[in-house]
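Read from first to last, the chains carry the letters A, B and C; within each, the first residue is number 1.
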Amino acid sequence: MDFLNAIALFCNFVLVPATAYGAQLALGALGITVIYSILRFANFAHGELMSWGAMLTLFLTWYLQSAGIHAGPLPTALLALPVGILGTIAMALATERIVYRFYRKQRASSITFAIVSVGVMFVMAGLIRFMIGPGEQVMTDGHRFLIRAVEFKHMTGLDEGFAIKTTQVITIAVAMVMTGFLFWFLYRTRSGKAMRAFSDNEDLALLSGINPDRIVAIAWILAAILATVSGTLYGLDKSYKPFVFMQLLLPIFAAAIVGGIGQPVGAILGGFVIAYSEVLLTYAYRKFLAYLVPGDWVPEGLLQLLSTDYKFAVSFIILVVVLLIRPTGIIRGKLL
Amino acid sequence: MKQKGRLYFAIFVVLVFGVGWLQSWNVAFGILNMCLISAIMALGVNIQWGYAGLFNAGIMGFIALGGLSAVLISAKPVSEAWSTGGLDILGSLIISGMTVLVILHVRKKIAPPLRIWIIIAVSLIGYWLFQGLYSPAVEQIEKINPALTGYLGGLGLPIIVSWLIGGLVAAGGAWLIGRISLGLRADYLAIATLGISEIIIAIIKYEEWLTRGVKNVTGLPRPVPYEVDLIETRWFASLAEIFSANPVAMASLLVKLCYFILFLGVLAILMWLSERALKSPWGRMMRAIRDNRDAASAMGKDVTGRHLQTFVLGCAVCGIAGAMLVTLDGQLVPGSYAPLRYTFLIWVMVILGGSGNNWGSVLGGCIIWFIWIQAEPLGYALVEAVTLPFEDSYWLKHHLIENAAQTRLILMGAILLVVMRFAPKGLIPER
Amino acid sequence: MSGGYGTGPDIIHDCDLMVEAGEIAVVVGPNGAGKSTAMKGIFGMIQLRAGKVFFNNRDITALPPSDRVLEGMAFVPQNNNVFPSMSVEENLEMGAFIRTDDISSTITRVLELFPILQDKRKQMAGELSGGQRQQVAIGRALMTEPKLLMLDEPTAGVAPIVMQDLFQCIQDITASGVAVLMVEQNARQALAIADRGFVLVQGRNRFTDQGKTLLANPEVQRSFLGG
């Protein structure tokens, strides 16, 4: 019984939240990786693109809610998501046309691109804060829990509750659908294969008659879709705060590099590595251990390796270790 | 080109005078002092970007390290805290340092299959020892008079000392992070620095025994006289009479003037050093490396080593500026460090001023800070003008005016993008 | 043709190359003679300062490379000529990217031409040996069913035995009426199978004749074939 309690505790506070968080990071890192593999620069504006997508979705959600339209037990934001995606695609394509295309034709260095993306980040951050304000917003509605802690206790007779939030299930399900779609696109469609070809060998892709403008546009569309979905899922799971997305930039970049930049599989892997490490290292194991060992063996203190205040440090430390030991990432990616 | 630069500086001076006439001299000098600090920050970033082409996305962290030094140097020591937990804290820090040294040693000396396990064992033991000393000590220190202190305090030295120390501390941090990420390509440095800056901010925010965290350290001693003391002196009273000015306003102005002179002095020294460095053989080599890394490396130049030098120097300058900033404010507010303001705004300054040109960075720092401050009321005015046709009670109008200050972020982004596109060399191009 | 890279000096001067359908034309010459540059000039990858490029009696000097592919030209660069992280089959598919019709018959034909690739269809091109990779590269170029195939040093970094196979394959390709224009370092073997040979020196035509005649020319032998 104690063993089961320990498992329930672990699932409730580590496994499920970390999996949901990992899925959000993985989708964000995929967006970074898509842009990196086609345009070959570290896009500092990606966090703001996520924020933009989530904001548009949130606006429409409010509208739908005020019009009395709901998605039953699911959050209304899911209904608004497609429109949010369209708006974010428009934004991404606009930055490509107005800002990035010029540097692309010049074949500017990746650092120039990165600095330009800082400019884009500023503009988007300003627009977002101007439009929605810097405060915190609640995105989710509908049924908050799929399984409530109390219900779980009743059902199983365990002392520990195990709750699953609706948003966690949605996050994982949507993330799976999204990655499935992405891989289908990249490996089964002509455009997707052309994208991989372009990423692999740009000059040869041009020789084969692949139109670079089209490939770049598709890359931005994919990045916008991924950004909106990951931003919205993060907002649903936690809440929507404009400045959070700049802090998310670090774990997302870390996930992309740790997995192997330019490698979609690597981005997913990296996202989960970062998320699990973050949660595992900042979880206080005292109660968990108390179920497993005799009472007087349990040491004092929280048994927490790292305070939750330092969760960002985890992604950084993993990043540094990977840079030192295997700079190409887990799945050998292109060296930045 | 030189004349163009002079013209820009003249325009800036006119702008500041304009603020002096129209708003108040107090505001003008307030802006001017921050302009000088911004100029120093921009100078630091220019050393990295302009001399060597390094993209540092963690400027905020090094500025904050300087700010931390200001507290650690100048705050009054809390002797009770030192006697209860100070030694334990020191001990725990020594232990963590030793652990890292042992791990590095193991990495060098022991062959792979065993190595990883020894490293894990060493880190666990080190961590256990560290926690044993650290956690109780922190708890005790934070318990001592939490409303006023609850931290170790500083050394109680004059705060000016911290400007130098702030530079050194930032340099130390830069050396560590540079060693790790400089051998790799440029974007990695950006991401690694982005990470280290977030961690530095986290430490300053959450290690209350060190900085009081979000409770802020206030009332740091000043290097210049206090207004209340000034007003009481006889010479000041007579001075105020001569100018027939309000003594309170005049005292405040005089204090700002003192800061201004101090900051100008620091800027002048740093400028002189930077210009000399840029014109020296070292500076020429740096630019050669920046322009053609492969050729320089083929000629036997130690590119990574040179990059590390510039990176450390640039961060040191940012650290100095960070300490000056805290000195000017008289307090450390960890919650105020945000990357847009302390990292990316500095980038806008450097890009606008002219990468690779020290005078350009100073100009960029001054102008961007001026715009940053003045754009806020302008943003309000603009939004109010645009929303004039709407009723005052209209929710959207209210909402937009409430967030009008955010428009300056858009303006900064636009400046960066326009300069990058149409004048990539900036206002004062590199010679 | 005259031209060079960017705003730099001209690398090729009044260089003149031609090939007829079903023929092999080989360009040889010392290092730095502008052989690769000439190829890029023909394919429109560098700006020509003077001269014209004709294809099927049509002036194509102004066309960008992608349009030249549509006209029926194909180019295999010397380096980085495959998509390393894509399978052999996908490499071939990408070669036919501009085609909208059914490409399966072309794939079958290419795989018949290079039987080794048949077994490695699903393997990543980056994992293949040098010779096999060249075959993938040529196969990719053939996927548009070009009338002119341009090869830049197809045997660079390939073992001598494999080189013979490659030359055999190239002869097979011309048998179906395709014109082949190639740059080669292995001048002797290449000229032996060439209908036409061009010797370039410092960006200018030095000798132009039938491949066999050039091989027999004592001056060519002395200067360029190592005695």
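As a convention for this text, contacts are C-beta pairs under 8 Å (C-beta built on N, C-alpha and C of every residue); 3 or more make two chains touch, one makes a residue touch a chain.
Please read these numbers as outputs of a predicted model, since none were measured by experiment.
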From subunit B, the most remote chain by mean C-alpha position: C
Maximum inter-chain contact count - chain pair: A-B
Distance from subunit B to subunit A - Cα centre to Cα centre, in angstrom: 30
Geometric centre distance via CA averages, subunit C-subunit B, whole Å: 58
Rounded Å distance between subunit A and subunit C, as computed from the means of their C-alpha atoms: 46
Subunit C partner contacts - residues on subunit A that touch it in the complex: 190, 193-194, 196-197, 200-201, 203-211
Partner subunit B, residues of subunit A touching it in the complex: 41-42, 44, 99, 102, 110-112, 114-116, 118-127, 129-134, 243, 246-247, 249-250, 253-254, 257, 301, 305, 307, 309-310, 312-313, 315-316, 319-320, 323-324, 327, 335-336
Complex contact set, residues of subunit B against subunit A: 53, 55, 57, 127, 131, 135, 180-181, 184-188, 190-192, 194-196, 198-199, 202, 205-206, 338-340, 344, 347-348, 351, 399-400, 402-404, 406-414, 416-417, 420-421
Touching residues (chain side subunit C, partner subunit A) in the complex: 43, 65-66, 69-70, 75, 77, 80-86, 90, 93-95, 97-98, 140, 144
